[in-house]
Every structure is written in C-alpha cells, then in structure tokens.
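For reference, the structures are reproduced in the following blocks.
Two complexes come next, and they have one chain in common, chain A, joined by chain B in the first and chain C in the second.
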Partner chain A sequence: MKDKEKRKLRGDVEGNARALATGFKYLVEPNRMTLDYPVESMKLAPNYRGFFTVDDKKCIGCSMCEMVCPPEAITMIPRVVSPTGETLPVQEGASQEAGAKPAKKTKRPVVNWGRCIYCYFCFDICPVDAFVRSNVHDLAYYNDADYRPSYEGYLKLPEDPVKKSKKVVPRPDMKRGIKYEPAP
Partner chain B sequence: MGILLLIIWLIQDLLYLIVFPGLVVAMVLVILLIYLERKIAAKVQMRYGPLYVSRKVGGALQSVSDLLRFSFQEFILPIGSDSIAFLMAPGFMFAFAMMPLIFIPVGPYYSYLFPSTLTILFSVALITITPIYAIIVGWASDNKFSFIGSLREAFLVISYEIPLLLSVIAMVIVYRTLNYIPAVAFQETHLPGIILNPIAALVFIIVAIRSTGRFPFDITEADSELIMGLYTEYSALFFGIGMATPYIELYALSLIFSLLFLGGWWPVSIHATGLLAGLFLPGIIVIIKAFIVMMVLVFLRAVYPRYRVDQAVRSGWERIIYLGIIAVIISILEVIII
Partner chain C sequence: MNLNEKVYDISEAGSIEPEGDRTIALQIGPSHPGSGHMRIKTRMDGDIITKVDADIGFVHRTSEWLSERRQFIKAIPIVERIMLPDTVHANLAYVLALEKILNIEPPPRAQYLRSLAAEINRITSHLYGIGIFGIFLGSSTVYMWAFGDREPFIDLMEMLTGARITNSYIVPGGVRWEMPKGFKEKAESTLQYMENRFNDYNDIWAKNPVVEARTVNVGVVDRNRAISLGVVGPNLRASGVDYDTRKASPYAAYKDIDFEVPKMNHGDSYDRLLIRIEEIKQSIRIIRQILKDMPEGKIIADSIYSQLNPVMKKVFEQEQRVMFPAFFNQMRPAAAESIARVEAGRGEIFFYLKTNGDKYPYRFRWVTPSFRNLAYFSDVAVGYRLADLPAIYGSIDYFPPEADR
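Take a look at the complex of A and B:
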C-alpha cells in the first residue's frame, strides 16, 4: 500500500471514530439551544418593533406615512369627522341629517400586515407622533384577508399570545454557546 | 384429535406471524423507532425533536398521530402513472420486507409454517427481492425524481448485495450450517459471531445501513436533491407503507444480525425448557438485541452527512467487497485451524 493511501485510510478511520464519539457525547449530555417557545419566551427590549396602531385623536391624515412606507404596506382610507370629533366611515358620515354642520373629509392609515416590514419609518416621519407601538410580534392569521384589517380592527392592538409564558433572557455562555436565564 | 392438533398448530403459527415477532411487534417497534430516531437526532443536533403531541411524555405519541394522519389523508393518483403498478408495488414491497420474518426464529422451539433447514439462505434471499419493487415504484410514478431515485437504488443494489452474501457466507462457513438454530447453538458452545469474525460483522452492518437507506447512504431518498426520492408521488396510506418498509427491512436485518453475530438468545441456554425460559425469554432477548442494533443504526443519522451516489457505489466495489472476501478468508482459516 502506498504511503498516501495508508494516510487516507487512517484518516478515514480516525474521522469516523471522532464523529461517532462527538455524536455520542451530545447524546449523553444534550446541549439544547432551542427556546421552548410557548412555554418560555424571550423578554423583549423596551423599544422592540412589534405590531403598532394609530391614535385616532392625534392623526391629522397627512399621508406622510403612506408616502414613506418602503413596502407600500400603509394605505390611506377616506373617513369623515363627525361633529363630536370621532372619525366615521364615509357612508355613515354622509347619512347624517341635513342642516347639521357638514362633515369634514379626512384620511386615516391602515397597515397590511402581510407587507409590513416593521421598519417604523412611519413613526419617524409622523409630524404629530400619532403611532402607538407594542412588543407583540408573534401573531399569525388563518386567512389572507385577515392580514388586511379594517380601520376599526387596526385601531385595536393585538393581545400578546405568550403573555403567560415564562420570560427568559439569552446570555452568552463559554461552554454552551447560548444559555437562557429567567428574566430579572 | 388430529384435526384439533392441526388447528392448534395453525393458530400457533398464525400468532407467530401476526403477533409476536411478526406484524404487530414489528409495527410497534417501527413506531417506537421512528420516534426515537427523531428524538436522538434532535438531541445531538441541539434541538428538542417531537414534543407537542403528548407533551407530558416527551412527544411519544407523535408517530401514532403521524400514522393516523397517513390513514385518513386523501390519496392522489397521478394522471401519467402506471396505475396498477403504482398501487400494487408498495404493498408488495412491504410484504416482501416482512417475508424474511417467516424464516427468522426467535427461540429454540420454533415451528415453521414452512419447515426448512435452509433458513439463513431463505431469509437472505428474500431480503434481496424488495429492491425490485423499489425500481417498479420509480418507473410507475412517472416522475423524474422517483425515476432517478429508483435508478440510484438499482446502482446501490448491485454494489451491496454481493458483500451482504459474502458476510453471511463467511458466518455459514464458520457455523457449518444454513439453519439459524444450530448457528446459535454453535455460538453458545464457542464464541459469539462478532468475536469469531469481526470483519464479517462490520460488512454486514455497513450493508444493512446501505440496503435500508439509513444515513450515510440515504441516497435513494435524498430529500435535498430528490424531494422524497421514490415516494415523491405517493400520499396517504401508500406513503406510510413506503416509509415503513425500510424500517421493517431494518428490523429483519437486525434480527439476522443478532442471531448470526450477537449469539441470538445467548444468556438463555438452547436446551432450556418450560414456558418462560423455553418460549418467551429467548424471543424477548433476541428482540431487545435487535432493537439495540436498530438504535445504533438510526443514531448514525445524527452524525453523518450523505454520500454521493458514485462515492457509495465506488466504496461498495472498491472497499466493502474486499472486506467481504477477507471475511470469507478469515472464516476458512478459522475452520482449518479449529
């Protein structure tokens, strides 16, 4: 047998033995990095970019957010302002009794969650700081239509699905890589 | 009286085929093995594995729920497929994978449905029939992935069958019999086969991995290249049968390995009598040994990447066949010296 072949054979045997030994080591002492998600969940930073909504009272309908939105997720829908100061759909506003003060036409933003990339450019550009942020980021919908809420649906902030779970924070660990510790 | 004895004999054999080492135990072991395979691979790869179906027992019912899902799924027959072959081949495959169990004894007082003294020969011969149906499946599916999968299977069959037979021949030369029970008796009086001829054991293990498509040789079902290989077009129960077939083959090969190399029902003597020591204990010991072999083989999934088909075929023809010939030579030398 040539020297090169001998070295190759020895490398094969050694490599296989080392691979099997490493696998067995992890089988006996598992080093799990997966977060056991619905049971425990990560404690998010206070400025985490999650789902957001708009303060109906503050919004002036300037359409800046629609203009700046990179994925074109924000659409401005036409609304009318009622005499009491609430915004109503156009049809309801139009059906008010004649003689009253004419309803003022305005616009309000609605986000298509299927397109939104959570860049928060709309927060930055809003001249009256009308957007309201939240930490909720883990929601899914059953239907395609649910990704495009109505204005009333958009005004409600979604509820956190993992509110009851154990909150953990990741810490770098020399031995295990990542370790999850209970949040302080 | 004679008729009664015949009926008892038939019931005993049917129980043997359907319940104890046969269908029911095989299916339970396969379900357990699939769960353990996923769990072992997950542990090594820093994951949890199946957990959400029955969380309290660590997801142990995941395989059962998969089986239920396969049972009630919609079955789709592709338009271009050769429908009769497409429908029949998985069934035949499964049946031929089960067939070696007829000839594999799990105890010394084993009455065959077909009495024979050539059980090793028959069981090994039946194992080599299954790949024919794998090739039929690939042809009948009318799908390029299935067809490439079946061609790969054909390449591999040619390269692994000769080493399989060589390693079995090596042990047959040592034991000087073609029957499992005298082979186990020989190991009881001398040494277990794995010590008598370790090269043959190594070749048999490698070939068992290769013929059942376990991990370094997961070539016919290479999911990253061939979707699901042979079973790309299958759905519902037919897919379930196709997925279970390699595991049944693995069960048969592990039983053969534990009988030929690990001393069969070794701690229990072959001359033991009585209901417990003579009938039940040997079977339980053989199945535990086979299950440990199966666990070791599925553990490889967590460690190895996949060989390319040409690498696997080349290693078959250039290395493993020589190892098989060396195993036969070792056996001949042992027989001459002893």
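Take a look at the complex of A and C:
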C-alpha cells in the first residue's frame, strides 16, 4: 500500500506534465484519420461485400440461395425462359400460339435490401456462381418500397452515389494509423 | 453498513422506506446515461453506495430462440450479432461446437487463419473497451483515440473478409476466404503503428495521474472473491488469476503458439485498465507468430471440399474463395450434444449445442462473458462513492447486448 502511495506522489508532477505535453503534441500535429466523405470516398477492394445482382443467364432457378439466406431476404419470383436465354415475366393468361412449345418456367431471386445483411451466403451456395458483386455499399432509399426492387430493377447493379468524389484507398501509416491515398 | 439488510423494490415510485432507513434510491439508466442499455438500481447512504442491483434485459433479442428455428448455417450471423465488437469469437465458438457434432477437423492453415482473425478481433474489442472506459471517466481523447485506432484493425478484417464487423468468416470445415496478397505487410505496419501508440496511451491514459487517482484502489476484487463470483476474462486476470481458455483448453491454432497470459495483482479498476493494454501487446505477439508460422495448405477440410461441384472448385482455384456445398443447406446432424469454449475479448464464451437429427438445433444455449461478469458488478461497487461508479462500471467492459442476448 505504501509503495503505491509513494509511486503516485512521485508520478504526480511528471505524469501531469507528460500528459499535457502529449496533448499539446497532438494539438499542434493532429493525427486525424477522418475520411472526408462525400468529398472523398473509399475505393473498395474487389472482395468487398457490397450490393450485388444475379446473372440472369447463368442462374438455373434452383432456389438454393433463397434457402440459405439467414434473414430471408431473397424471394424467388416466377419467370419464363425466352428463346434468347433470358427470362421474361410470366404473363398471366397469355395466349399460346397453336403448336408453339410452352415456355419453360423458371424462377429467379430478388433481394430485399432492407433485410439483406451482406453475409454473401447466397453467393457461396449458388451451384453455378451466378451472383455478381458491385463495389457499391453506400446506398439509401427514400421509401420502404424502394428497398424491394422488381426483378428488372434488381438486375441493374446500383450506381455509385458518390461517383464524382475523389476515390481514396486506406494505407497503414506510422503516424496516423490510416492515411487515405488517391486510388491508383 | 449492513449488506444483509432487507432490500426494497425501488422500482416502485414512492415505495415505503423502513423507519430509520436513511438510504435513498437512485436509478441510473436505462436510457443510456453511461449505463449502457441497462438500469442500475442503487441505494445511497449519502454518496456511499450501499446496494447495486443491475436490471438487465432491455436489449434482449431472443437470439437463442431465433437460432433454434433455423438451419444450422443460419446461426452464424445470429451469434455474431450479440457481440458486435467481438464477432469472430462468437462465430468461432459456434462453429467449434458444430464441428464437434459433424466430426469435421479443419486443416492447419484454417486453424491459423481462425486464430489470426480472432486476435485481430480481440484487439478491436479491447480498444473498444478502453475507449468506453475513457468516456466514462470523461476523457474524450482516449475515447476518440481508441475508436480511431480500431480502424486500422477493422480495415485489416475488411481486407481479409470483405466486411468490417460482421465478418461471418468461419464456417464448418475451415474459413471462407484465403488471406489476400499484401495482407502480411499491411498487418505488420498496423502492428508497428499500434506498438508506437502505446507510449501515447501511457502518457494520456494509463500513466496519467488523474486516471490513477480515479481508479487506483477503486472497485477492488481480490483473487478469491473473483473466483467465487465466477468472473471471466480480463477482469478475472486483473484479480490475479491467470486463467485463459486459450491455454486451458486450446482451440484453433493456440496450442502451437507461444504467448503469455498477463495478470495483475490488485484487482482494482486500474488493473482492469492495464490488463487490456497488456493483452493487446500479447495479441500483437500472437499475430506476428501466426503470420510467420502459417502453414501452407487448404483452408477448408477435405470432407467439405470434396462435396463442391466442378464450378465451385474452379472458383476456389481462381479466387481462393470457398463456396458452400449443398450440404450446408441441408445439414441434419445425428442426435448428439457438444460444447465449445472460446476466450473472447471479454472472457470465456460457452456454447452448448444439442441436435436430434432434425434440420434445426434442438437446443442452443449461450453463456456469454458479459453475463457472467454481471454478478461481479452488483457486488463490487458496494461501499464506494457514487462518483466511483463510472470508474467501476467502465472498467469491467460490460456489453449489454452480449449479456441480454
């Protein structure tokens, strides 16, 4: 107990002086690592898990992604395969030409962005690797319905909302921890 | 002060005080005035705390229940969400329990990558704790510093896994992504940066006389009391018990790694502050060893890899990304039970998993470190002044969502 008291008394002047000096050092030379968003924004690595879409031609409609999705963000919607290999919406009550082959029915996934947690389980379970990444992660929508795109809306990869900003990448730095350098 | 005196429910407004009782009720929280999402019901005699009753459950999210009503693989994101500063450890603990039931042994490289992710995560978790303790004592500098210094480590995790916090990195059989190119160099510079920062942390925080004055000899828990209260993690080691699950029952790559378990002697708030800094130093040492000694080889067990279809195998060769076999969707482990223990940032996580051949777990019980440290909190603050409460509460690094689950 006595040792502790002694240590404290000895440290009082010196310790306060050190704390003040360190504080002063950072007052003069701040080590901010703030990203000046949206003037600058991050160029994300290729493996970043951002918004994604599905390759309509690759997908085989197996529903594995729907099954694995933890928050149940994926809905499978019915589609029909067109002669070109792309899928078309199912037309209710569309008249079949006599003799024509009935269109092949299939399903395609649509993601509800309000539920998705970007775990990418759907990516990894897909037997044909049909999902496509984007490097966009900073999107917000104005109303609830926009979080649930139509299939056509979902197929378009979202645009980067801060396209015009200066793109930077984080680099480790001995003084600041992270320094943002212009993206190569 | 008689600790055995009858306790009156102070949650009822205007409750009748016993005659001659000079204590008053004081409620701290639950709307987060530094209490976290919990209510601290205290009784005060003047400004001396005579009783602390932690009222928890404000952020209870039925996580256990949710994970028992989904396929096994879907529990991975759920367990992560109880302890966001510390996701890898929760993920690892669950996967360890599941692997025991499925009888899968991950390859050595995957073990090392798991430990790597876990140690990076431990550093971010401890920095989180240091930052919160800082703001509790009114030091917004340390708060900003610690949260800022988490950033380089979170950036490392982002490089490794593609996500900052909710990594979902560990799956049965191994890990999902190979270490990307340039990771070692980046990690080494980040570690060096953190080591240089310790001097500044000492000056402003750990060796600062103001901090010492507020934390030395405050909230003392001696060795025996800490053991009997069932304290875990850094708080236990601050009281002088060098118990660490990584040593006591090694998992992942820890049996091959040489590291020390730091411990302190006094068990006061100041020791609980220092121990986290010491543990960050050990984690840095572990990460260096892992990066140096990481064995070559696959990152996923052969039993999982052999189930991949040709497209998936090609993806693995090109991108070093492990895709999931259909088995992950349709797992129906035979009836069995298993436990897993993992030393997380705040202490030992204990998971109990019971299966009965169904596609959902029969029971999945979680015991989280914050919950176990709660017992401690009700006991340790008694007898100190009200102004000491933040110094005690902040030092135990309690994370309400982790305790409430």
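Just so we're on the same page, the second predicted complex is superposed on the first by the 133 of 184 C-alpha atoms of A that agree within 3 Å, B and C clash if a C-alpha of one lies under 4 Å from a C-alpha of the other, contacts with A are read in each partner's own complex, and residues count from 1 in each chain.
Definition applied: a contact is a pair of C-beta atoms (placed from the backbone, for glycine too) under 8 Å apart; a residue touches a chain by one contact, two chains touch by 3 or more.
This structure is a prediction, so every number in the text was calculated from the model and none was measured.
**Q** Specify the partner with more touching residues on chain A, choosing between chain B and chain C.
**A** Between chain B and chain C, C touches the greater number of residues in chain A.
**Q** Please indicate which partner A:Ile125 is in contact with in the superposed arrangement: first for chain B, second for chain C, both, or neither.
**A** The answer is second: A:Ile125 touches chain C but not chain B.
**Q** Kindly classify A:Met33 by the partners it touches after superposition: chain B alone (first), chain C alone (second), both, or neither?
**A** both
**Q** Using the superposition on chain A described above, determine whether A:Pro170 touches chain B (first), chain C (second), both, or neither.
**A** Only chain C is touched by A:Pro170; chain B is not.
**Q** Determine, under the contact definition given at the top, whether A:Glu86 touches first (chain B), second (chain C), both, or neither.
**A** neither
**Q** Touch check for A:Glu152: first (chain B), second (chain C), both, or neither?
**A** Neither partner.
**Q** Looking at the overlay, what does A:Thr22 touch: chain B (first), chain C (second), both, or neither?
**A** In the superposition, A:Thr22 touches chain B and chain C alike.
**Q** Scan A:Asp55 for contacts with chain B and chain C and give back first, second, both or neither.
**A** neither
**Q** Let me test your reading of the model: by the given contact rule, A:Met67 touches which partner, first (chain B), second (chain C), both or neither?
**A** In the superposition, A:Met67 contacts chain C only.
**Q** Touching A:Glu181 in the superposition: chain B (first), chain C (second), both, neither?
**A** neither
**Q** Share the list of chain A residues that count as touching for chain B in one structure and for chain C in the other.
**A** On chain A, the overlap between the chain B and chain C contacts is residues 19, 22-23, 26, 31, 33.
**Q** Please output the residues of chain C touching chain A within their complex, sorted ascending.
**A** Listed in rising order, the residues are 70-71, 73-74, 76-78, 141, 148-149, 151-152, 155, 158-159, 162-163, 166, 168, 176-177, 180, 186, 189-190, 192-193, 196-197, 200, 203-204, 207-210, 212-213, 216-217, 309, 311-312, 315, 321-324, 326, 328-329.
**Q** In their complex, what parts of chain B are in touch with chain A?
**A** Listed in rising order, the residues are 40, 43-48, 51, 299, 302-304.
**Q** Within the complex, which stretch of chain A touches chain C?
**A** Touch list, chain A to chain C: 4, 8, 11-12, 15-16, 18-19, 21-23, 26, 31, 33, 45, 47-49, 64, 67-68, 70-71, 117-121, 123-129, 170, 172-174, 177-178.
**Q** In their shared complex, at which residues does chain A touch chain B?
**A** Per the touch definition, chain A meets chain B at residues 19-20, 22-24, 26-27, 30-34, 36.
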